[in-house]
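Both of the next two complexes hold chain A, though its partner changes from chain B to chain C.
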Partner chain A sequence: MDKEHLTAREAGLVNCLDCHLLAIKGDGALQMRCPRCGARLHLRKTNGMARTWALLITSLILLFPANLLPIMTVTYLGEREPNTIIEGIEHFIQSGEYLIALIIFFASIVVPIFKVVGIMLIMISIQKRWQTWLKHRTLMFRVIKFIGRWSMLDIFVIAVMVALVNLGTLTSIKPAPAATYFAAVVISTMLASNTFDTRLIWEGA
Partner chain B sequence: MESNIPEPEIKSRSGISPIWILPIVALLVAGWIAYKAIVDAGIEVSIRFDNAQGIEKGKTRVIYRGMPIGLVKNLSISKDFKSTEVLVEFVKEAREQLRKNTRFWMVAPKISLKGITGLETILKGNYITMLPGDGPVERHFVALAKPPAALTAEPGGLDIQLIADELGSLSQGSEIYYKGIKAGEILDFSLNEKGKVLINVHIDRKFVQRVKKSTRFYNVSGITFEAGLSGFKVSAEALSTLLMGGIGFFNPEDAKSVKNAANGDSFRLFKNMGLAEQEGKRITLLFDEARGIYEKTQIRYKGIEIGRVFSVELNREMTGIQVTASIQKQYRSLLREGTQFWLVEPSLGLAGAKNLETIVTGTYITLRPGRGKPKRIFKGLGAPPTYLEPRKGLKIILIAERLGSIKANDPVYFRQIKVGEVTGYRLSKDATSAIISVDIGNPYAPLVRTTSKFWNVSGINIDFSLFKGAKVRTESMQSILEGGIAFATPGKVSATTEETKFNKAKGVVLEESKPKEVNAGAQTLNANQPSGKPVKNGAKFVLHNEAKDEWLKWRPKIVLGK
Partner chain C sequence: MAKFQLNTREIDPEGLIACPECDLLIRRTEPGPGVKCFCPRCRSILFHVKRNPVERTLILSLTGLIFFVPAMVLPIMTLNVLGLEQSANVIQWVSALFRTGFHMVGIVVLLTVAVIPLLKLLLLFYVSMAIRFKVDWHNLGSFFRFYQRMDEWGMLEICMLGILISIIKLKDLAQISYGIGLLCFVLLLTITLIASVTLDDHKYWSLIKNVKSFNR
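After this line comes the complex of A and B, so read on.
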């Protein structure tokens, strides 16, 4: 790709990511602050790549317990029945609730994996200095950021179920260990997408 | 961009960002979970069921002693579609119990007349249970269609086998009773090659000591109804046996010395308690004819029922009747060599009616005990035995010209009181006289002295005399009709001559001895001491045809024996 665009860095400017004020980059200064809003100014997010990687790996590891352990325990007539995410989806399919099954499947399985794998792909592409599909990668990142906030859906469902279905010994629902790991996965992927500096995508461009 | 502006020196920060703690922590946590999962991993075992009805993947448990120890992980049908494979994951503690002889079966709710079992399965679903076994470690099992024989597996219980001709109303779960208390139950039953029914029975631990090698089991199913002239009897065990059937058992009286039964022992199952009781205690009576003898005819001794006739049938040669009877155990000591059985029937005769109660209660068999060794087969007599077994009384012998109307059992009177009986008679060896054996009851034995006079009181003795008129003399009415013997003992006079005469009297002494009658009449009346000496068994006397007048006047004082 041709060098069509002048970057802020090349122009000696820094963009405040909070109030979007353009400021002149100071030389040698270790810390820059926005003269208008006082936010820290970075040419690129500090240690962005390393932090993103760390968070990504964390979420990747936590994906396993989140999906393999039971996420909630349904107690029906005194009979405790722990369910993993997949088993929960199976339940909904068996009872004909295809839409709910689909939503939970996306929110709990597709989205977290998509997020982790997507950001990893972008990271790898930056490190390998691939120059293709730049726009698509940015688009993917935007999508990742957008759906990130919905991936807590599962945790919300459990929270609501625990509150609603509480008929004592007859039927009750309790969160199981995987809920914690799942929440950790969601948080760490959100943080990863946050620490990632999109400007890096265009670095070599 | 001007090149005169110097570029800042850029140093990369050394060291690792603390953010890397996060993935390390995550790794540790995940690693720990993985480790735990591996350590706690259950044992996967496949169990083949004919029918997986009620088994649900992820729900159906394996429960042992009320504890869930396994969970069905998967269900699949076999390739030939003839059975189902159930994959069960067991807790790791069960590792040592999954051996070749471990047995599995389904527990489903069962509602029967006896009660409801497996009720918990209605809410929780059926479950699989197991009975640990031995043998090498095994991971593939075939489930049983129904609970195994040794289901309860209660330590210390006893598993035995009963052999019956038919099952009747018994079924799996029918109870075993001991003195009316539940002592066990039927586990299952099957047919053997000989067509007999084999019933596997489990005896509860508490009753193990009660089952001996000689224990008798009998079917108590239903009600037994027994009616007869002497009343009727209805008997039933616990109510549930009416519907479910049941088995009772008892120990024969000599069971204390018998060893306890062991696991796997076989016993015969009797059709009813009566049969079980009679087993081995039956006696056989051989009668000439079955007249008056039926099933359930009583056997009495001294008026007490001691047993019953069990069956009446012709013997093999068709020459007589074989009567099988049972005698209650406490009276069994009567059954000895020499014991005589005969039938008691009502009889109407000149002397009166005898055994009238038998008209109502039916004829019965009575016996006279013998003293020999215990015995089981006896010859039955049609009539009371003529020769009575030796009794404890004084036995004397009377010698008569003719027998007259004297028969066995005829009374012997002293002062018209019966003190003894004729026990038999025979012809003397040279056929010149009749020899009658008499038994004088023990307390009356001292009445017989060497000087005693015996005479026949059968019939009526009538004397006609022109001057004295007619004189009729009899003993009792019965003796008129049936005959009898009377005797008297004189008081002390100078009766030495008689004495010597009798002591010398051996063989036939038909000649009447002639006591000195000169003063006898007056003197004997006053004499307080009896004359003669006491006699011993076997003493011989002459039986006179009639009494002399003065004999009737003799009244010596004699102390009776005990």
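After this line comes the complex of A and C, so read on.
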């Protein structure tokens, strides 16, 4: 062997992702547990690719109702008006709150789509065994994982407004069906980035 | 850190660590406080050595726990429209979602803003106490692992941004006055953030092991 670097797998070691201990890999007949913290050890996350694909396809399907259906119903002085995410952003632009419009646009529309498409591209690149842009792909995944949770923003805005704006039948704000779909999108994309194993990008490098 | 050069057949796992993101083997070093180590191949952060990690985390988790209950039950803000007043705390946000029939959304909000932040502080306090006073309480490892896995599901800071956006959305519609609950909420989220940023998990895992062997 005359390679420049050695990975834990090539050296017969398993890295515990919970406590960072390196354990010597057994014969593989038994389920290995970390000698320090007791967590299950895997060379790579179990069925990483299949689980991540399943969760990403789920998110992709859920993205449609989340964006097309109304996310909340605003009743103001007796007038009922259901609002989708996009319409909510339009309201902010009309009232001149450009920064808020931008934040919601990013958190609710750009991030979820970027997340699903981004992880899919990384997965395709692994299945096609591309050996380039390794560092960039890892960095992209790191960014996706970091910003993913911020999509939950809209759900909290709804929670606050529904509780506060409840002034009889004339003026109230109520959640609408897309809220459930949207929360499900955020949760399934977060799970997808947890089941994905970035070490697969570096396999064979 | 130097790359691990393959020149020996005997590999001693004690003196090595592996990058969690690209599996590269790297020689373990013992740097001083404040040092951040990156993987030489994929640039992920391997570890970040902190000053007084246990004492700091212990104090922060205890302080966070003090602010937890007021942040949840005191009113965050009050809305006043033409003499009609409506105030709400975190628990009422959840019950409003349940009342309107959005149980799943209600459960998500309850978990990410109340249950998980509370569990995180309790687990951190429990593990830090055990490490600080060298007592081998039950399930230290499992509890700390549970903390690590739940970390990203506590969303107080995202919720805070949500509160700010709602304020801007509602300020034209009505008069808003802020409650003491908002202050407690801000303190709780700041403390939780500092606690998770200053947590030295590598140090904690080696200390958890020490506690176990110390009491044997």
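Simple rule for what comes next: the second predicted complex is superposed on the first by the 200 of 205 C-alpha atoms of A that agree within 3 Å, B and C clash if a C-alpha of one lies under 4 Å from a C-alpha of the other, contacts with A are read in each partner's own complex, and residues count from 1 in each chain.
Definition applied: a residue touches a chain if its C-beta (ideal position, glycine included) is under 8 Å from a C-beta of that chain, and two chains touch if they have at least 3 such contacts.
All of these numbers come straight from a predicted model, not from anything done at the bench.
Asker: So, on chain A, is it clash or fit between chain B and chain C?
Answerer: On the superposed model, which is not a single observed complex, chain B and chain C fit side by side.
Asker: Please work out whether A:Ile155 is in contact with chain B alone, chain C alone, both, or neither, and reply first, second, both or neither.
Answerer: Second partner only.
Asker: Between chain B (first) and chain C (second), which does A:Leu55 come into contact with in this model arrangement: first, second, both, or neither?
Answerer: A:Leu55 sits against chain B, while chain C stays out of touch.
Asker: Tell me which partner A:Ile187 touches in the superposition: chain B (first), chain C (second), both or neither.
Answerer: second
Asker: State whether A:Asp18 touches chain B only (first), chain C only (second), both chains, or neither.
Answerer: second
Asker: Report the partner of chain A that touches more of its residues: chain B or chain C.
Answerer: C
Asker: Can A:Leu139 be said to touch chain B (first), chain C (second), both, or neither?
Answerer: The second partner, chain C, only.
Asker: Identify the partner contact of A:Leu69: answer first if only chain B is touched, second if only chain C is, both if each is, neither if none is.
Answerer: first
Asker: Looking at A:Ala8 after the superposition, I want to know if it touches chain B, chain C, both of them or none. Which is it: first, second, both, neither?
Answerer: A:Ala8 contacts chain C only, not chain B.
Asker: Between the C-alpha centres of chain B and chain C, what angle is found at the C-alpha centre of chain A, to the nearest 10 degrees?
Answerer: 110
Asker: Kindly classify A:Ile100 by the partners it touches after superposition: chain B alone (first), chain C alone (second), both, or neither?
Answerer: Only chain C; A:Ile100 stays clear of chain B.
Asker: How far apart, in Å, are the nearest Cα atoms of chain B and chain C after the overlay?
Answerer: 7
Asker: Looking at chain A, which of its residues have contacts with both chain B and chain C?
Answerer: The overlap between the chain B and chain C interfaces on chain A comprises residues 12, 184.
Asker: Using the touch rule from the top, collect the residues of chain B that touch chain A in their complex.
Answerer: Within the complex, chain B contacts chain A at residues 1, 5, 8-9, 13, 16-17, 19-20, 22-23, 25-27, 29-30, 33-34, 58-59, 123-124.
Asker: If you look only at chain A, which of its residues touch chain C in the complex?
Answerer: Touching chain C: residues 1, 3-9, 11-13, 15, 17-24, 36-39, 76, 92, 95, 97, 100, 103-104, 134-135, 138-139, 142, 149-150, 152-168, 171, 174-175, 179-180, 183-184, 187, 190, 198-199, 201-202, 205 of chain A.
Asker: Given the complex with chain A, which residues does chain C contribute to the contact?
Answerer: 3-4, 6, 11, 13, 16-25, 41-44, 47, 76-77, 79, 81, 84, 86-88, 92-97, 100, 102, 104-105, 108-109, 112-113, 141-142, 144-145, 148-149, 152-153, 155, 158-159, 161-163, 165-166, 168-170, 172-173, 201-202, 205, 208-209
Asker: Applying the document's contact rule, which stretches of chain A touch chain B when the two form their complex?
Answerer: Its residues touching chain B are 10, 12, 27-28, 47, 50-51, 54-55, 57-59, 61-62, 64-65, 69, 77, 79, 81, 87, 181, 184, 188.
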